[in-house]
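Heads up, the thing below is written out as structure tokens.
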Amino acid sequence: MPTVYATRKAHFNAAHRLHNPAKSDEWNREAFGKCNSPHFHGHNYHLEVTVAGAPSAERGYVVDLGDLKGVIQERVLEKVDHQNLNETVGFMDGVLPSTENFAMAIWDQLDGHVPGEAQLHRVRLYETERNFVDYYGE
Amino acid sequence: MPTVYATRKAHFNAAHRLHNPAKSDEWNREAFGKCNSPHFHGHNYHLEVTVAGAPSAERGYVVDLGDLKGVIQERVLEKVDHQNLNETVGFMDGVLPSTENFAMAIWDQLDGHVPGEAQLHRVRLYETERNFVDYYGE
Amino acid sequence: MPTVYATRKAHFNAAHRLHNPAKSDEWNREAFGKCNSPHFHGHNYHLEVTVAGAPSAERGYVVDLGDLKGVIQERVLEKVDHQNLNETVGFMDGVLPSTENFAMAIWDQLDGHVPGEAQLHRVRLYETERNFVDYYGE
Amino acid sequence: MPTVYATRKAHFNAAHRLHNPAKSDEWNREAFGKCNSPHFHGHNYHLEVTVAGAPSAERGYVVDLGDLKGVIQERVLEKVDHQNLNETVGFMDGVLPSTENFAMAIWDQLDGHVPGEAQLHRVRLYETERNFVDYYGE
Amino acid sequence: MPTVYATRKAHFNAAHRLHNPAKSDEWNREAFGKCNSPHFHGHNYHLEVTVAGAPSAERGYVVDLGDLKGVIQERVLEKVDHQNLNETVGFMDGVLPSTENFAMAIWDQLDGHVPGEAQLHRVRLYETERNFVDYYGE
Amino acid sequence: MPTVYATRKAHFNAAHRLHNPAKSDEWNREAFGKCNSPHFHGHNYHLEVTVAGAPSAERGYVVDLGDLKGVIQERVLEKVDHQNLNETVGFMDGVLPSTENFAMAIWDQLDGHVPGEAQLHRVRLYETERNFVDYYGE
């Protein structure tokens, strides 16, 4: 069976700050610079979710992208869009909201919830146009 | 020998509808929603073709991108640009024109026709800015 | 009062062909080339709607972009997305679906329906990444 | 003398919330929805600054874009990048941070500070890829 | 008669340096910095050509974009693509190749050569993603 | 330990020509066409540098992107931006400046210089919007 990788993009925005509460304020300022600003800053995040599998004979789909969009909406966007990653997102509680950690947390939100037979393959998360991370679940 | 992956982008537009003629109209409406619209709809497709190989000592190329562009033009674009994927494209006869199936059919059009020593590595096909698929030939 | 111009983008796809039914098939083939293909082709259209006005003192908005999005959805996207501009779009009946004519028809769909005090200023319509038209209602 | 319009783009990110402190919390929730979220959210803003004038005979420039970049850096980016528009930006004190109001405030920061003979012509501010505003100073 | 503005994009690349031969080398280094580098540097230029007019009743076009593409190809791209703006482009002889001067020279190449009834309205020229100029012929 | 791939984009421009000095002028014209133009041409190059590693427990970073930006600046951009790849870039001496060879040379500039524990994973280099190459160091 051939494997095709299908990707769906989504967009949301959120506030955050980089701050490790186990460390002193001075350590945090040194470690994170302006990203540690106590009043928060924010981003338009761009998310790409890739799933892998064999296209079905009947529909020609690896996954129904409308269904996948619904899962991304329910399990990620409704929880993070227009939210504060340090304060109001349950699945980020206790997680330092770097792009890396945020992408891994999004993976955990989606893994096991891809509709049908396809497998989650990659989460790509852009924090800005110039910076992004990829996570493959391992 | 090092391996470099060289990618060339191309663009075309086409009409299609998602419809499985082995199934009832009702099944198709249920399975594909507005993508089953009997009067067709269409897309500006964006195609990325990636080939892999060692750069030649004399020219520094994995592949002459002008030659690769010519092959993509002849074997894909001339057959699909401004066409109807359900009705007027020979290599899509009997193929349900999902993005997945279309990308695999484009792979078959190109595989074995890459100029010179390089090997076809990946076909990426965007149906819209938010949806794309990748196929690696296996 | 200052004037600010606020723009909202939207996306849809549709099939069409360029064909003037008052003319012969030969004239149409000559006039429109592959855009006259009888089986249709299609595009991912990108629409930008710009409205002009003074930001309100209470909300700071020229227009509530959520409301504007709703009007664009109801008066344009629901009528054209995944449709055939030659066959299934009421407001395009009898209109040759060039990008120019389509943009003017979209203007007519929106003019007088912008929420609140703002005025419709411009409709910009991309047929492909390389081609777009602007219409200012005059 | 011919007039040429030269544009420089810049990028920054910031947190904000839409909240009118002269109104009740209930009014604000009704007026602004999720944009009123009390823990803030944020954006990657994209700013385009356009100046107009005649290219100089000696250098061929309407404005030295390096100098203009420096003015944008000093008068806008250093004050807003990684900041909170409601709390930590002096020139936004008492201003409801809608995209419209923010663009007009950026105009006021830049007007009269364009290097050389050129005149400030337009401030364009993208809050997201789908929403932007233009302000021409009148 | 309504006026519609139709835009066609084109792309080319060229080498150049900013250097005013009427001035000393020291003046040029001071005036242009690294853009004065004697071995040249280069850009992928992006050109947008906008024409204005009434859509024709028969074809619905302000201008046949294929014809306009041909004029841009013949009068601009064939003369500048893969060329050196200081040394090998006839219509740039004696012109300091700033983006402003280059855009005005491209205007002069196109003005009076737009196919049919449409009028040249604007030349927009991107030197980089962050810098562009507009010229309206006056 | 999970592996995350973090990517930083950078931009620069340079002049070059494709010319193999071990071959005749005629061979070069035949092999490279207009890319062999003796007066050079140029590009806005877009560079993506991807590093791989485990996010640190304390900072949540695979790599401090500010540090990585500094390394890219020092070891690549300061040597190539506004330069001539055939004449003024030390690490390109004797290297035919195809995109493939240039990407491999950039890899060699960066390999072993990634800050901290992360490993260089991929260099992606766009010569134009339509052409890019990837190199993984093997």
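Chains: A, B, C, D, E and F, in written order; residue numbering restarts at 1 for each.
By definition in this document, a contact is a pair of C-beta atoms (placed from the backbone, for glycine too) under 8 Å apart; a residue touches a chain by one contact, two chains touch by 3 or more.
On a predicted model such as this, the values are computed, not experimentally measured, just so you know.
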- By the touch rule set out at the top, what is the minimum number of steps from subunit A to subunit F? 1
- Overlap of the subunit A and subunit B neighbour lists contains F
- Can we say the copies subunit D and subunit E touch using the same residue numbers, with more than half in common, or are the two sides different? different
- Query: What pair in A-B, A-D or B-C shares over half of its contact pairs, by residue number, with A-F?
  - Reply: A-B
- Query: With chain centres set to the mean of the C-alpha atoms, which chain is at the far end from subunit C?
  - Reply: F
- Averaging only over C-alpha atoms, locate the centres of subunit E and subunit F and give their separation in whole Å. 29
- Task: Calculate how many whole Å lie between the centre of subunit A and the centre of subunit E, each centre taken as the average of the chain's C-alpha atoms.
- Result: 42
- Note on the structure: Among all residues of subunit D, those touching at least two other chains are 129
- Could you please write down every pair of chains that are in touch? A-B, A-D, A-F, B-C, B-F, C-D, C-E, D-E, E-F
- Would you tell me which residues of subunit D are touching subunit E in their complex? 2-10, 50, 55, 58-62, 65-66
- Message: If we count contacts the way the header does, which residues on subunit F are in touch with subunit B in the complex?
- Response: 18, 20, 23, 31-33, 96-101, 103-104, 129-138
- Note on the structure: Counting only contacts in the complex, subunit B reaches subunit C at residues 11, 13-16, 34-35, 37, 39-44, 81-84, 87-88, 128-129
